[in-house]
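Look at the two complexes coming up: chain A is in both, with chain B in one and chain C in the other.
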Partner chain A sequence: MRPHRRKDIRKENRDLMLMSLPAMVWYILFCYLPLFGVAFAFKRFTPVPGKSLFVNLFANSKWVGLDNFSFLIRSSQMPQIIFNTLFYNLIFLVTGIVLPVFLAIVLTEIHGKHVSGMVQMVTVLPYFLSWVIVGYCLYGFLATNEGQVNHMLRFFGEGAVQWYQSPKYWRVILILTEIWKTTGYSMVIYMCAITAVDRSLYESATLDGAGFWDKVRYVTIPQLHPTISTIFILSVGSILASDFGLFYQVPLDSNSLQPVTQTLDVYVYKALMQQANFSYSAAASFLQSTVGCILLICANTVVKKIDKDSGL
Partner chain B sequence: MRKISVILNLILAGILLAGCSDAGSADSDECIKLRWVTYDAGSTPLDAKKVIEAANKVSAEKIGVTVDLEFQSTEKINLMMASGEYYDMVFTSSWVNMFDKNASAGLYYDITDLVQKETPALYGSVGKYWDCAKVDGRIYGVPILKDMGAEDMFRLNSDYFEGEKGMEIPERMSFADIEPYLAAYKEDFPDKYPLAMDKSGMAGYLNFLERIVTPIIVIPYDQEDEVKAIPFWECDELMERYRLLHKWYQAGYIHPDAATIESAATDKSYPVRTGVAWKGYRGYSNPADWGFNVKTSIYDGPYISRTSEQGAMAGICVACDEERAAACLKYLELLSTDREFRDILGYGIEGTHFEYLDNGTVYRLPAGADRYNTKLYQTGSVVNASVESVSRTFLSDPNQWEAVYEGYDENGIYSKAGGFSYDPSRKEDIITALQAIYSDYDAELRTGTSDPDKVVPEIRKRMEAAGIDEVLDDINSELKAFLADGGM
Partner chain C sequence: MDRINKVQNDYVRPEDSSFSNRTNAIVTALFIVLSLIVFLPILLVFIVSFSSEQSVTAVGYSFFPEAFSLDAYRYLFRSGTYLTRAFFNSLFITASGTVLGLLLMCPMAYALSRKEFRYRRQLLVFLMIPMLFSGGLVSSYMVNTQILHLKNDYLSLILPGLCSTWYILILRNYFQTSVPNSLIEAAKLDGCRHLQIFGFVVLPVAKPVVMTVTVFQMFAYWNSWYPSLLYLDSNHTELYPLQYVLVNMERSIEAITKDAQYMSGMQSANPPAMTIRMAMVVIVILPVMVLFPFFRRFLKTGMTVGAVKG
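== the complex of A and B ==
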């Protein structure tokens, strides 16, 4: 390649900057500008109607330090809630990487284009259903009287199960539902990464006598490494956040199931639904973001230690 | 957490925009236009705009005030209040947009003097019910006169129970008395569930308690010696009802998935439903609605307390100047004194949405039933509006309210707490935690799904750990001081 002249570089940069401008404006407007709202978490928000938000937040509201966080500690269930949040997120972290990678590898190796396309479509489709709809589809299977599963159990002479009152099954049900809904979508990302792998690597591997599994192990996985690390680091950042729809809508907010379905987001929603207290919600969200941010930085450092090129 | 940040962003954007726009100043020189936000009870009526226009024509001429009436959901109103948005008048009550909380927080205009000076007719019409709008002796809202006491009733398919089974449906029964009816139906139809039930439980199932912190800390109406706030598990009557419900659930009188069913309203086959209304109310009984004749039987009430009296109120924004506040009051006064004007916002445009029947009651025409089917309490005085008949032949008593109010005076079961209200803001963190704990159990408790003798001790243990005693002590010391002062 011919070395760029300085002017060319500047021009190229300008074009690229211009292209990314809308995204930057969006970030400034919706991510950086509202950052002052963090103040909500440390204020007792007492607005005077008709005044602007800034006056209400900074002049009319008192600083209360960490008081807004105390409702989180008040719940004796907090250890269980944190456990649930971490438990599901760690499992999703693993299944969210292993299964899509596996599926992506298998699908790219399948020669029949129709089969491959079909499988892709079927696995990606659930991603576009909303959790509310998924919740009711599941209810169609698990309803006590009219549910398909209980029909089948009765057919085989077993007693009907009151699914929505039996927490022991739900860890599995929730994990399966999440896998069913998201695997296809994440798979697409890995398929793209695999298509970008230089084909000549496979050819030379084949010449060296590598079988299918050898190619996966020595070519595909190492090539996917950066993508996997990036996705891993990003998911670690949201380890205290959980998919509200999965844990609230899918179990239909059933009381009996709460020991296994209550995560931090569900708790915050239930605690604050009737109160509309912005200070408390801001406190909860601030806590999640802070923990997430710290974990993200830690994960990034660890990943960098292990493999210099894979960090962010 | 995305949900919460989205809400926060919305508020921010909303406020930034609201800051720029003109905060609702007078439209023209002579007319004051008020922004009035009311509860939408589920949906905004389609013809709202037309109706409001018609009402504005009349009110502009009579008192020089017009309204920009908005129908909003509970969540939207809560958001509006919590973010400090400007409005002139807002729907407030003990169940939507909490009056006591907002009034204690200083969000409403103190109308104590203004209402007597500017609108003596309104002041006179509300009479003793002003007490429920007082906080520390000052009036912060206008109670809307409607059914002021809660009467809970069973609604039974009388064709079946009286006609086929030869059972008698009395005008009053106790809660437990419904059992033989449920049993009879279950025997005939083993695959059906006789008692209509969804996740919100029976209509008004807590009405027989005065609720200080809904629904966790209550004052029963029948406390003998000392009036005291107690946690719900100490109320024997409530626990007894939960046990009965659980028994019925196990007997198959209640749908096994009741605790997760969103609504049982559309299934009309249930022979026993519950409702909250008043003596003589006929809205539940139109055979054309159900396909069979319905008889109601009251099992509770009328219970009259601060909570029940605050069923619907109008609060005026503290940021209003005196002129606008007076305009709000004048508008409410017109709604409470001018029946013809009242019927416009209540029922729509005469001839299009409703017509007057010969006995003076109102019949909603199909256009009214489809396009402007509001509840009266949403738009002002219920008592001053004409009474609705559910069909041209199934007539209501046009003077039903007199009998209802007489009933309150004669048979009303009055709270002994004398209008006590509690400002939850000091203990908000504990109460928030308590609400979260309660919501882990509530749907299964009130539908009879769970066994109260197993679940309630668990709730109790968790609530005690969360500090409910601290809240109870606080409430009771305030209550004691309040009662020692002689109440209101």
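== the complex of A and C ==
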């Protein structure tokens, strides 16, 4: 190889820098520029029309310290919102790992390769539909007059249910919807991880007289450990985040369902777009970001303590 | 990456499986039933879109309508501008978002994959920070609308979703591990600059992963409706993509009815409102479902990269 001269190296670095420049500009505009907006959470935003955002935020608005946060936490709906967010996320944490891992393990063992391929393709499909579409798929079942479910209820002589007005069913409905949309996708991810496991491990386990469940317990699960813990850490880090589409669009933004469907993300959106309450909205997302960041780092450290090879 | 390529061809052979033939039959049957159940909601939407409006009034949204009809689709196609416009908006946003996103992400991923690049580490950290901490919805909304003036135009639907650190890392990993370094060194000896190496050597070799990111990006833009919710207001219906037309279903049906009346020049009968809802949903799902089998290979690569670390 030709020894690189200093000038060459400088030129190369410049070329590479120029190649990253467009993406860097994007990151600065859309990721770094909004970072100063964290100040919204600590200000009472009183914009003067015609002035630029910076002037309005930093010169025309008063610092209020942690006032926004204390108001936010004392507001009457907040406990409900935080509870909903944590409730759904904890359930999704379990259903999002246990269910797909189990299905992946069983599906990998199936003899027919075409069947397995078909099952994967069909179950992954919902993941690539938007929440809007998912909302309408559900609407086909739950619409008050035309819905399939109410129709069946009437057929069996039961009274129809106003689904979009009855909060008590929606915890289950939302959980089932989330499972429907994401399980197939996670299952395929775990299947890929399973097929990457060294086959000889299974062969020697068979020679040692291990049955199916022994192999699952002593070979597959330990081998899946890195994948599972990566996904675990990421979900712990987003424990205060929620899928806006699932909680806003799937219940068709129904007001009477709010007690069970309102999560932090829905609150952040509504406070901003419907109530123009910049400070509270910003305080809520600041809380979300900070708690998420801290939890992510904690979870990563803990997982790494338990098993050196796992973690991000 | 080698491992991943191997994985895709490496299905479990029957003799490796712990299932006896009987267990296998039962489990296979269960999985087939399961996938049918998963498919039911989508099937329902399709069937309803092809049922007649009278049937929906009589038996509701049913898997077994009394009569099939193409009324909903006929109505939608005749209604003209509103929906056609939305369809082309969606196409345009998807195409330009995908192409622009790749144009930004691929070169940066290439730069990050080169060991001789001096600022590699710094740039990686620069990309990781937004993954950990973001300014939140309020500030990105305010910056986008007030500083970058993205409001009520196509750019406001395209620009905010262009890059993703995740995709850049996937691309970088592939460039680093699957493109032989000797190839790049040889090109350098021939006097190629990095942009040429990237375009003529690395991209052709890395086609599979570039396709993967393309497909994911395409689906993401085709499915996106959140930016429209934030940046489009109701006076700009001409910018609505299909997904947002669905979000505003009631108002959309009104607009389509008006369109149809205008087109046919008379007060036509009531639109088949119940079935056109579902027909519109089908119009959005159909491209995804038709392309899905072709894209499956690439999607799987993408998912595997997410799963297997390194």
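Keep in mind that, in the parts below, the second predicted complex is superposed on the first by the 226 of 312 C-alpha atoms of A that agree within 3 Å, B and C clash if a C-alpha of one lies under 4 Å from a C-alpha of the other, contacts with A are read in each partner's own complex, and residues count from 1 in each chain.
The working rule: a contact is a pair of C-beta atoms (placed from the backbone, for glycine too) under 8 Å apart; a residue touches a chain by one contact, two chains touch by 3 or more.
Remember, it's a predicted structure, so these values are computed and weren't measured experimentally.
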{"item": "First, second, both or neither for A:Gly50, with chain B first and chain C second", "value": "first"}
{"item": "Partner chain(s) touched by A:Asn145 [first = chain B, second = chain C, both, neither]", "value": "both"}
{"item": "Touched partner set for A:Ala282, first chain B, second chain C, both or neither", "value": "both"}
{"item": "Chain B versus chain C, judged by how many residues of chain A each one touches", "value": "C"}
{"item": "Which superposed partner A:Tyr185 touches (first chain B, second chain C, both, neither)", "value": "second"}
{"item": "Partner chain in contact with A:Val122 - chain B first, chain C second, else both or neither", "value": "second"}
{"item": "Touched partner set for A:Tyr269, first chain B, second chain C, both or neither", "value": "both"}
{"item": "First, second, both or neither for A:Gln165, with chain B first and chain C second", "value": "first"}
{"item": "Which superposed partner A:Phe30 touches (first chain B, second chain C, both, neither)", "value": "both"}
{"item": "Which superposed partner A:Phe83 touches (first chain B, second chain C, both, neither)", "value": "neither"}
{"item": "Chain B/chain C common contact set on chain A", "value": "30, 34, 37, 40, 52-53, 143, 145, 244, 268-269, 272, 278, 281-282, 285, 288-289"}
{"item": "Touching residues (chain side chain A, partner chain B) in the complex", "value": "30, 34, 37, 40, 45-53, 56, 67-68, 70-71, 74-77, 139, 143-145, 162, 164-165, 241, 244, 252-256, 258, 262, 265, 267-272, 274-278, 280-282, 284-285, 288-289"}
{"item": "Residue numbers on chain A that touch chain C, as the complex places them", "value": "1-2, 4, 9, 12-13, 15-17, 19-20, 22-24, 26-27, 29-38, 40-41, 52-53, 106-113, 115-116, 118-119, 121-126, 128-133, 136-138, 140-141, 143, 145-148, 150-151, 180, 184-185, 188-190, 192-193, 195-196, 199, 202, 206, 211-212, 215, 226-227, 230, 244-245, 249, 268-269, 272-273, 278, 281-282, 285-286, 288-290, 293, 296"}
{"item": "Touch list for chain B against partner chain A, complex", "value": "1-5, 7-9, 11-12, 15-16, 18-19, 23, 75, 78-79, 81-87, 105, 107, 199, 255-257, 259-260, 317-319, 428-430, 432-433, 435-437, 439-445, 449-450, 462, 465-467"}
{"item": "Touching residues on chain C, where the partner in the complex is chain A", "value": "3-4, 6-7, 10-12, 14, 16-19, 21, 24, 27-28, 31-32, 34-35, 38-39, 41-42, 44-45, 48, 56-57, 59-63, 103-105, 107-108, 110-112, 114, 116-119, 123, 126-127, 129-130, 132-144, 146-148, 159-160, 162-163, 168, 185, 189, 193-195, 198, 219, 223-226, 229-230, 243, 246-247, 274, 277-278, 281, 284-285, 288-289, 292-293, 296, 299-300, 303-304, 306-309"}
